[in-house]
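For reference, the structure is listed below as structure tokens.
Chain lettering (A, B, C and D) follows the sequence in which the chains are written, and residue indices restart at 1 in each chain.
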Amino acid sequence: MISDAVMWKNVWFKRLTDPKVKNPVLIEGLPGIGYVGKIAADYLVKVLNAKKITEVYSFHFYDQVIVGDDGVCRLPRNELYQGRWGGRDVLILVGDSQPPISDLEGHYLVFKEIFNYSVSLGCKLIVTLGGFQDAQVRIKPKVYVACTNDNLLKKLVSVENITLDRGGQGRIFGAAGLLLALAQLENMDGFSLLGTTLGTLEDYLAAYHVLAALSKILSLPLDLSGLEEKKNRTQSFLLDVKRRRKDYLERIEEPKPPEYIG
Amino acid sequence: MISDAVMWKNVWFKRLTDPKVKNPVLIEGLPGIGYVGKIAADYLVKVLNAKKITEVYSFHFYDQVIVGDDGVCRLPRNELYQGRWGGRDVLILVGDSQPPISDLEGHYLVFKEIFNYSVSLGCKLIVTLGGFQDAQVRIKPKVYVACTNDNLLKKLVSVENITLDRGGQGRIFGAAGLLLALAQLENMDGFSLLGTTLGTLEDYLAAYHVLAALSKILSLPLDLSGLEEKKNRTQSFLLDVKRRRKDYLERIEEPKPPEYIG
Amino acid sequence: MISDAVMWKNVWFKRLTDPKVKNPVLIEGLPGIGYVGKIAADYLVKVLNAKKITEVYSFHFYDQVIVGDDGVCRLPRNELYQGRWGGRDVLILVGDSQPPISDLEGHYLVFKEIFNYSVSLGCKLIVTLGGFQDAQVRIKPKVYVACTNDNLLKKLVSVENITLDRGGQGRIFGAAGLLLALAQLENMDGFSLLGTTLGTLEDYLAAYHVLAALSKILSLPLDLSGLEEKKNRTQSFLLDVKRRRKDYLERIEEPKPPEYIG
Amino acid sequence: MISDAVMWKNVWFKRLTDPKVKNPVLIEGLPGIGYVGKIAADYLVKVLNAKKITEVYSFHFYDQVIVGDDGVCRLPRNELYQGRWGGRDVLILVGDSQPPISDLEGHYLVFKEIFNYSVSLGCKLIVTLGGFQDAQVRIKPKVYVACTNDNLLKKLVSVENITLDRGGQGRIFGAAGLLLALAQLENMDGFSLLGTTLGTLEDYLAAYHVLAALSKILSLPLDLSGLEEKKNRTQSFLLDVKRRRKDYLERIEEPKPPEYIG
């Protein structure tokens, strides 16, 4: 029977194991702009062979019941995986969906629970991954960084071999922003890596660069070869977009030669 | 006086009897696409001479106060009936309405309570009935099946004398989906039978086929003669739609003969 | 200080006196179609010289802070008055507004509290007053009646010297419907009197007829002279609308005479 | 870890100090029409060198996570400052945003908490500052006053050297209205000063006049020199708007001279 006390809280956990982790970092990648965060986090789960420890349910995901290819149905959900990255424990948050942007109450309720659970497991660093919508086609995407405090930001922008960009004043939507802000409220360290993306495709290129940056920042090696093929496909697609845009601009900007004289 | 504690829960039960049932199956049929589920479940209540055991109230039904033909008014509600089908106890869920699609919180709150109550009565199998919108006119509707687990699905699609179709990846809306998903969450058996329908009529034909399939699956005989007349009327209507569509397509597809020569 | 416990319930009472009443009837008249209910109930408060016993507050009234002509501001609210009508105690519910139609939760929360409070004061009969939108201009409005049970309805439609109409199957919106439905749920007596109205004016004529019917039904005499003048103004307005509609229809229906011959 | 009990209340306080104040006046200035209240209250915080005592968080602010110029992110919030104005303790309420107009529940929940906290600190007078949208360009804005009771209103409109206008019947939106209405409900003194503004600019002129009026009313001297420059810029802008409007009206109203004769 489904406990009333639990569902009354608008979000509930189905715990599959009682994880033992030490000083884990929480890495979030839920569906969002260009699916950058989701692609990156799903890849981490796969490449680190992480194990699912909890399912998170809530009507705030505002999605109907999902029927899989096989005809088997289930509720939409988020999932927390436990993995080992180099010498470090990681918790990885992935899922079907987030609450819609208009449902800020849902965001607070769901991600507060996930935040609290992570803290209860000893988590002291939160990383959120996502996309940064950018109309410009970039074959080498930028990776923007936002942070919970000044000191951490200084450290991040001085990491060798990567270039992180500080975004200007703005907003971060959804889990990627909220988990950071809860960390900031609790004086914890946290940062967000947002790869620039057109936002209109599943952007494996941006996800690749976000993961590469994360690997450098955490000083943890990561085998990205499993993403290469799809990364290259995204890159080809973007090169094509760039070419077509250039053609289009040339056509509309160049003065047309006179069509007849006389 | 209406108890505060009760109404605070957003859904409340007016229990009419204390039912004694053994291993009952819950069969849901609330208003939805083509009224397929509602027609089927209302017919079961009638043909099994089932007795109302509970009324379920909630402001999440988002309907105003209903005035009947006789000028007597009441709140919108769902109702749970207890019946005996062959040698088996059944609980049948019918009603005026469901929460609107946009009110997922209402769906979770209402159907969780009904789910829990059914489980508390010993229910271990949940069946939901409904329509599957399909632009194609089918004189013999398909019956799609979705399921809470693989094993049950294998058994269902191999039942003799009926053909169930597995839908592809998708969503099931409303009670028909949610009750199944709650069962899946609790590792219970459950399945949904969804009859194809144009969705723009009260589809007695689809309801007939859904009930026939259910009877075969549960190996419980069912007298469907009380639905025959309305089933036939729906069939005639659909044949007419089919004919008119064919005419229309012929008119717009055939090349017009030249109107004059010379 | 404003109590948290109280505001947490979404609706709270500011009780001004501890009323002593015996078997009171609750009469509701809040703003609605044609302001029929509000005009009638406000008039009752005045003519019976009723005393305010409670103010009811809720954010579900969805109105902003009200500034009066004098520059003094206050929250929007409902008010419950206690009066003596003939030999009978009455509670009269009036106010600035109701929750909007889309906020059914608000309706349930607010009117359940008012219903419960009335019952706690010994109320066994609930009467709701309102308008029934009707495109036809009626110089003598109809009064429709809806009821919580068959027996009461039979009694009502056989009251001498008034003609009540039974509405067909339908819905009653807002407090006028919900208070009745809560009474029906609790097996209490209750009825609604709905005067036909164009709905686009403050309809003193409909309110007059509703009050006249109520007086007959309860066998309690009522001095309606204070409403006469505004009733007559509404009547004149409606006669004018009727005349203009007739003119318009004649103009568009009569064939125009030929404008020239030859 | 973020307490469940706290977040369950929809609004939570992060208390930075345990303030000692005596008979403080609460002065509210949150973002609203023409930013009049926000400009005024932010200036008070600065010129009185007030100290932040509490941050107020709620998902009802309906704003996403804010990233500052420096790349550091945080939740949107309101803030309560404690200052000393002349011989008087003041609490000043400022912030990023208010709940949107459509979220009355949020308004009640957030501002009830702030109201209660202020009362718990001994506050017996509440002042709200804001703008009053007015299509007319006024180089000397009017200051409208609304009040929680008649006596206070009489005193206010007879204060020497300022002219306060009583607005007609109407509504006050947001915190400026709600905090007053809560005071009225609790029989406390409170008033609102609303400076007329086009509403389409950051109106330093209106804010200047509102503060000047407040200073007179409370008999507390205020150095407004820090606002002079921006006030003058607003004034120049408005003079320009006025001139352009006059030109425009002259052009469209004056009869054009005949363009040719003969």
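A few notes on this one:
In the analysis below, contacts are C-beta pairs under 8 Å (C-beta built on N, C-alpha and C of every residue); 3 or more make two chains touch, one makes a residue touch a chain.
Keep in mind that what you see is a predicted model, and the values were worked out from it rather than measured.
Separation of chain B from chain D in touch steps, taking the shortest path, is 2.
Two copies of one chain, chain B and chain C, form a contact in which under half of the residue numbers belong to both partners. Centre-to-centre spacing of chain A and chain B amounts to 39 Å, using the average Cα coordinate of each chain. Averaged C-alpha coordinates give centres for chain A and chain C that are 55 Å from one another.
Among the residues of chain C, none is found touching two or more other chains.
Chain pairs that touch, as defined above: A-B, A-D, B-C, C-D.
Chain A contributes residues 9, 101, 104-105, 107-109, 112, 115-116, 119-120, 145-150, 153, 166-173, 177-178, 180-182, 184-186, 192 to its touches with chain D in the complex. Across the interface of their complex, chain C is touched by residues 1-2, 4, 7, 10, 14, 57, 59-60, 62-75 of chain B.
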